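Here come two complexes built around chain A, the first alongside chain B, the second alongside chain C.
And then the complex of A and B:
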């Protein structure tokens, strides 16, 4: 990558400003945008490497923007900003290729860390990776590219490196869900919780998936999405 | 009053017995007279007749002998016969004398008189025969046959007449005796029967006379025992039973008055109860053992768009279609105790009202004093408003914490960024100020995070995913995260966990509690301190405890530590939000367990919590 191009979409000016300030020394090209529709327009018009996207936006919300990114086949690494501990619809977001999340209140160090990871994962290839976190990053890269089967394999490999990783199991669960295997997804989430009882993303996912099983409307919706693929 | 008693009970009984005695006496005297009569007839009279007959026999025999002796003497001149004749004469006179003193029959005296005359004539002729020695044989024979003989025949004739009279009398008197005996028998039987009948009738009437008031009294007592206090005994007599009767009536009257007073007060009480029952805002149902509605108040019926009259007698499910409630009712009736509900378990969402209604229910099995179950009482409280307020509060908490997050993010980011360059730009005092801002931003962050947690729990948003959890494994895993901190503070953490102890619970929530308790213990335990985690099985519960030898909790605060935002003022107590134990309490309660603390200030604290064994 030459100069990293970063777009920050959040309706709060103070947030976009402080996020931008966090990367002031990195020499990135950073643009701030405080309106969802404006943000989507800029994503369509230009090529961006990284986009911070607030899930809750007035007008058009983050998920809709994400859907547009997916439908318009825009290649960008999206980092979702959420006010909750986790994204309520992380799997849906993942389906649209978004795999990185930060939650409020934000920390400059966390933001830098995640951006660094994204940048470094671009160079990863199946042949070169050997370590656990590399496999995870690779999987995320595949997810961004919507290569879910490859992502699935990468996670499996990550788990051979670190079989007690709640993060990896949660990711595996989400990928399984995207692939339509609810049972495997549920098992994976349960494994995640088994290894880290307090791992919120897995807890939320499991809760959602178990309540969804009873909700046939949601299930039908999901089945049709999978069939359309 | 007693002086007026004419015939008391004793008198009546004596009178009764007296009468029977009288009857006995009559029977006795009648039979005695009959017997005497019979004896007289058959003995005295017959004896006399018999004597007369005997006399006649002797006299006949004697005169026959006399005549024969005379005849022999006259014709054969046997002088020796004279003496014998005298003997016979004496014998005859003797018996004649007896007969003369023994007249019993009519005409007997006349016959005897004639007999004696004839005998005198006979003797005169005999005398003349004996005195005329010169008579020839034919003369003698003539005299014998013509003078003596007819007189002899006359004597014989009278004798026979007397004998016959007596014989016929004997015969008659025998007949009379028979008749008398028959009469006596008959009259005795008659009197006996009459006596028996009289005795029976009298005994019966007497006993009934005595017993009737007693029976009346008995019946009256039974009625009183049965609750009929209006009963009175109508018995006017002045005997002992009369006294008892009037005393009884007096008692019944008093009882009746007392009862009426009681009824009035009970009625009043009942009306008060009824009024309370009908006017209370809470709904109340009393079900019988078949789960049919026995009692329902107005509010209870109104909750389900009906009225009490329609409800009575119907099955509870016909009125309240709520299977969960019904299951609890059945359990309460079968187990005979009020079910213990976990948070939110005893809330019924009533869709029948115009707006959605939240009803909180309480169940109580109702027993009689004898221990017999008569049904189950359901109390329904409309907590819709509370629920709405609670929901509002939770929503407010949630929104507030979310809204707080955005400005907090800006502040946090700005401060963090400033801090990155603070080293070269700021002096020490300014750096300290910045550090304060950093620290309190951190505190604000955890406060908001805890607030969110508790608002979620309170809003019921955190569902519990129940599963079997190995206590040993969850404790070991949780402890793992504290190793570094414990090492830093040089605190030893030991654990004593019962083997194979499994609980039913939500893994992450229980881990959360353990984490909270352990971090508290670490926070309040000075360097070189000790922390002990213990898990034992206590009945149906697993009891897990975290003990430290830290500063302890002052007694006055021990029951407040589980309150929201409560913090004991202490230099060690910094950075906490005052919500951790409150959240722990909510989680334990949601599991149906309890949490408590035992602490001695200066010596340390032990926090306990219990969970259902799997």
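And then the complex of A and C:
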């Protein structure tokens, strides 16, 4: 990427200010808009490298914008901004190719870290990747490209490097959900929790899918799989 | 200017004036108070984050991302609360720089013995008055 172009779509002044201040020294081109409709218009009109997108927005909400990005095949790396301590809608967002999240309150170190990862992720290729964190990043790159089977394989390889990683199991669960395999998703979330009982994203994902209105066939299938263990 | 991530508990008169000024200096601020009405005193250009909740609950401190904080100031009007919060920030979350406000000057020495950095507005005011008296 040459000069990095960032669009911040958020109506809260503390968020736009924190993001702008975090990247002020990097020489990035940063623009902001505080309304969903305007944000979508700008995403359609111009090419952006990174878009910070709040889930709650006046005009169109963040999830609907994400759906439009997916349907209009806009190539942008989206970072979703979620509420305090929340990882809501992560799987839904992933279906539309968004894999990076930051929760409020935003702080500069995390923001810079996530943007650095996104930028360096673009250069990864299956052949060059050997380490755990590279496989995770490769999986995220595939998710953005909606290549979910490839993402699944990359996560499996990450797990061979670090079999006790709650993060990798949680990501595996989410990919399985996107692929429609609820049983495998639930097992992956359980593994994540087994290795890290406090890992919030996996706890919330498991809570969400177990409280979903599963149809009875799914439920039976899930129970028989669990009982066979 | 080095940009710091600072968590402050207590949005009373001291907390309010402090976060308004720190925010203007460009630091990232999270202010926590049980009473969300307390945030009404924040200036319109305050660009930090507010969290309504009891900082003594670990979920509130975790939501504030205390593990990422460069600094933690416990500024409530309750000395025991401030001491406990400062100890949590320092010992559990390893925040590099922690300060507890001490409202009762007689307790200041006790806190110092516990290895907690303190600030006592009354002692500071007294020191300042002595300085001015002595010229």
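Following the convention adopted for this analysis, the second predicted complex is superposed on the first by the 211 of 229 C-alpha atoms of A that agree within 3 Å, B and C clash if a C-alpha of one lies under 4 Å from a C-alpha of the other, contacts with A are read in each partner's own complex, and residues count from 1 in each chain.
The rule is short, and it goes like this: contacts are C-beta pairs under 8 Å (C-beta built on N, C-alpha and C of every residue); 3 or more make two chains touch, one makes a residue touch a chain.
Just so you know, these numbers come straight off a predicted model, no measurement behind them.
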Worksheet entry | Side-by-side fit of chain B and chain C on chain A, or clash | clash
Worksheet item: Is A:194 in contact with chain B, with chain C, with both, or with neither (first, second, both, neither)?
Response: first
Discussion item. One more residue to check, A:19. First (chain B), second (chain C), both or neither?
Written reply: first
Practice prompt. Check the residue A:38 against both partner chains and state whether it touches chain B (first), chain C (second), both, or neither.
Written response: neither
Worksheet item: Who does A:109 touch here: chain B (first), chain C (second), both, or neither?
Response: both
Discussion item. Comparing chain B against chain C, which has contacts with more of the residues in chain A?
Written reply: B
Discussion item. So in the superposed three-chain picture, is A:46 touching just chain B, just chain C, both, or none of them (first/second/both/neither)?
Written reply: neither
Practice prompt. Would you mind listing the overlap between the chain B footprint and the chain C footprint on chain A?
Written response: 14, 17-18, 21-22, 84, 104-109
Fill in: Footprint of chain C on chain A - complex, ascending
13-14, 17-18, 21-22, 84-85, 103-110
Worksheet entry | List of chain A residues in touch with chain B within their complex | 12, 14-15, 17-19, 21-22, 83-84, 104-109, 193-194, 197-199, 203, 206-207, 210
Worksheet item: chain A touches which residues of chain C in the complex?
Response: 3, 5, 26, 28, 30, 46-49, 51, 59, 62-65, 68
Worksheet, complete the sentence: Counting only contacts in the complex, chain B reaches chain A at residues 402, 405-410, 412-414, 416-417, 420, 441, 445, 448, 463, 465, 474, 477-478, 507-508, 510-512, 515
